[in-house]
Amino acid sequence: MRHRINIRRYPGFLPVTILCLVVLYAPLLVVMVYSFNDSLSITRWGGFSFRWYMDIFTGPESAKFKDAAWNSLTIALSAAVASTIIATAAAVAMVRGGAFRGKALNLALISMPIMVPEIVTAVATLVFFSAIGFTLGYLSILVAHIVFCIPFAYLPIAARLQGIDGSYEEAAQDLYASRFQAFLRVLMPLMAPGILAGFLLAFIISLDDFIITNFIKGAGIETLPTAIFGAVKQGIKPNIMALSTLMLSVSIIIVTLSYFISRYGRPGTKAEA
Amino acid sequence: MAAELASTRAVSRTFEPVRAPLLIPTWVIIGFFLVAPVLMMLAYSFLTKEFRGGVIWEFSLAAYDQFIFDRGLFGDEPPQIEWTYIVIFVRSIIQAGVATLLCLIIGFPTAYFIATRPRATRSMWLFLVTVPYWVNLLIRTVSMKFLIRDNGPLNEALLGLGVINEPIALINTDFAVQLGLFYSYLPFMVLPIYASVERYDFALSEAAADLYANRWTILRRVILPIVRPGIVAGCILVFVPSLGAFLAPDLLGGAKNFLIGSLIEEQFKGNAGNWPFGAAASMILLSLVLIALFIYARRQARRSAQAL
Amino acid sequence: MAEGNIAIDVRNAVKRFGAVTALAGASLTIRDNEFFTLLGPSGCGKTTLLRLIAGFEEITEGEILLYGEDIGALPPNRRPINTVFQHYALFPHMTVAENVAFGMRRLRWSKADIEDQTGRILDLVKLGDLAARRPAQLSGGQQQRVALARAMAPGPKVLLLDEPLSALDLKLRQAMRIELKQIQKETGITFVFVTHDQEEALTMSDRIAVMSAGEIRQVGTPREIYEAPVDRFVADFIGETNVLDVTVHRGPEGVWTCRLPGGAAFPCQTGRPPQDGAAAHVLIRPERLSLVSEAACENGMTGVIDQAVYLGTDIQYGVRLDGGPALLVRAQNAGESAEPFRPGDRVGLAIAPGAARLLID
């Protein structure tokens, strides 16, 4: 018999990890399960049914939910596209622009939307928009979303770019490509997984936002989170659980997708010499 | 060797000439739609309030004064310390602190456990821990509220199992808020700790064991000091958003567990608000956050200076 | 020399990175059709000089002419110069053929021309079969050839190669040396080759520039560099050498004699006549010294063998001279039977004629 003590292992860490996962997933699972509850009461289990899913598509609130879903999706899509473009340009400048004075300041500016507490951003934006006479509505939500999506798009893009050896662009330029061609034909394809990850991140973050949206949306327009919040204020109804289940499924699918994308595309980084 | 490294790692500066144009969109968007609003809030915090929301452009320290002193209904009584808002801030700090501690107690073993998995399964574990973070925060908080209600599934289950005789009152307690914050930001604790444990060289544990240290001594004397930057990063990443959190206190804490977030919100919603006061509270919150980040950044800078 | 004969003329090139001076006033002329090597220890500024020629760095002072034209203001994509990168920098998202065609496409060659040239060049580097592969599916040696093909395809006037062989293993490296040299001869393209490996430089180059600390110490043919190093750095860097402190004395018929502190004396070669009785350094390559019996020693260089190191083809002895310095002596390995010298033996040294070179700093 060989007694080998693995000093890496700590008894008790596995149970804690499992506890951690239980805490993380239990509320979501419970909501998922109860969304299939065929009962008006949210407390009693009344058998399995799709009734609340039917309800959100055809029920009395379905029009409200559809509008909200449309707003959420179009805003998330536009905000993600815009912030990804802005963040890609910024990442190229920051990572491939050499050392310069004010680099730290630029980085602080880019990450500012993450650093400022959301509630402060929300009220500041509200006050600012009303001061400059920017009508609250779809457009104001979109602009605010672009702002706070930028750092989330920036991080994976910049990280990817940092992993790409600088000699690729130099090789392209050496082979008679202009700076723009070097970006378009060499750098961008190599950055693609990072850009895609940044886009998806921005998309989810925009879809996710409640606090800022809630402040600056103005009257008469809802996104899914604000609609849900409004409904929840009157108590949790089963159709809200169905809606939540749909939304969390979308998030999980997107995250899973981006997980596999980022695992897949890894060329372009050269082995350390 | 060093020269070799320097020359192979030489940073590419291909886009140096177009750096400014590439950064202009960021400057414009974030500068105009975030820096300007925050600066405006700073200005508002020094203005006079107008009833029914809004400000009068007249310099005043009233907002900050109101935060600290009670001068009676008409402002003509001798000033006394006004505890209401200070208590709200202190309570917010305590709540955020407890949530951070909870995250650390659960997050460290989890991060450590994941970092010591075989390489093949590591990213799967990490993925499992991060997925819930991507689910809408509102939905997660609502789910938590649903789970821990007085007659929610948790209490039902415990009653059914005979663990308890009557429902535990979780909802609308401080603990519910802490639980909600913990649940909201746990991945922020796990990820940086994981990153530093993954870099940790386990030959050091072996060396310590060779020198007669037991497991827990190794953890305390070798591993923890070495992975501390990750722990500090995790704590800040959890503490900062917890401090200004709005959803968890609002949905899980009920009316009596009023925190900074709700205090600020109240000043700007509806007509009863006091904009300069809300602006002042925002600036105080922002200062707390920036101080925490600044201390962290300074530590990081000092560490990397030492590493060179 | 005719102006048209010079491919690249580097005049007093200075490059500073902030406080670091990577090049401290280097001047060079590289001839047309030449295999020219920049040799020096790592960090001496070879890559920097190459990057200045390619246009990736802006020159701080001085100028660089390509066939008589100042190219200092041209961006890299306007210079008819191509580079083989140290780690190849093959575009991972393109096939071998697309990589090779990249430069020609940017120069707007016709489709047919591009196809022709791609085929021709891939045949030249013996990669005709692998045109459809991606770089990740190639071995290190094959990637190296693709990098070479890609850089040569647009027909540059000058090809720059930054330690292109350093990532290959020894056997492949030696084979590639011969092949590279052959390709250079065939194509007639001017090669500027960077290496820190003196053996590589000696075997491949028409001419070598030895660099140190941002300066060019000596330019010459491999033979000149090895046999007539201008200073101690060059002598030390290229092969092993013995450096001895001596005093120089004029002998009969213009022959100079070196005298060691211990009294031993031997004739030496010198380019510039020194002052009679001056202190100087003398260089002797270990392979040009041989061991003789103490009795047979004519020049008075006698001593004790410190150590003997078996090197395969050679045996290297360390000899401590009586009352003087220690020297390395390299003798051919003549087989087991013929190993008369052991550590502790007393021996004398013989110097091959013309092997002792005087250095006047």
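Just so it is clear, A, B and C label the chains in written order, and each chain counts residues from 1 on its own.
Just so it is clear, a contact is a pair of C-beta atoms (placed from the backbone, for glycine too) under 8 Å apart; a residue touches a chain by one contact, two chains touch by 3 or more.
What you see is a predicted model, and the numbers here were worked out from it, not measured in a lab.
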| item | value |
| --- | --- |
| Chain closest to the assembly centre - both centres taken as Cα means | A |
| Chain pair, A-B or A-C, that carries the greater number of C-beta contacts | A-B |
| Relative to subunit B, chain with the most remote C-alpha centre | C |
| Subunit B-subunit C separation of Cα centroids, rounded to whole Å | 59 |
| For subunit A paired with subunit B, centre-to-centre distance based on mean C-alpha positions, whole Å | 18 |
| Centroid spacing, where centroids are CA-atom means, of subunit A and subunit C in whole angstrom | 55 |
| Junction residues of subunit B - those touching two or more other chains | 4, 8 |
| Interface hub residues of subunit A, defined as touching at least two other chains | 165, 167, 170, 173, 179, 273 |
| Subunit C residues counted as touching two or more neighbouring chains | 86-87 |
| Of all residues in subunit A, those that touch subunit C in their complex | 165, 167-168, 170-179, 181, 185-186, 189-190, 267-268, 270, 273 |
| Subunit A-touching residues of subunit C, taken from the complex the two chains share | 54-56, 75-78, 81-83, 85-87, 89-93, 102-103, 106-107, 136, 150-151, 154, 167 |
| Complex interface listing, subunit B residues touching subunit A | 4, 8, 10-20, 22-23, 25-27, 29-31, 33-38, 40-41, 44, 106-107, 109-110, 112-114, 116, 123, 125, 127-132, 134-140, 142-147, 151-153, 156, 182-183, 186, 190, 202, 205-206, 209, 215, 218-219, 240-241, 243-244, 246-247, 251, 260-261, 264-265, 267-268, 275, 278-279, 282, 285-286, 289-290, 293 |
| Complex interface listing, subunit A residues touching subunit B | 7-10, 12-14, 16-17, 19-21, 23-28, 30-31, 34, 42-43, 85-87, 89-90, 92-94, 96-100, 106, 109-110, 112-113, 115-121, 123-128, 131, 143-144, 146-147, 150, 165-167, 169-170, 173, 179, 182-183, 204, 207-208, 210-211, 215, 225, 228-229, 232, 236, 240-241, 244, 247-248, 251-252, 254-256, 259, 263, 273 |
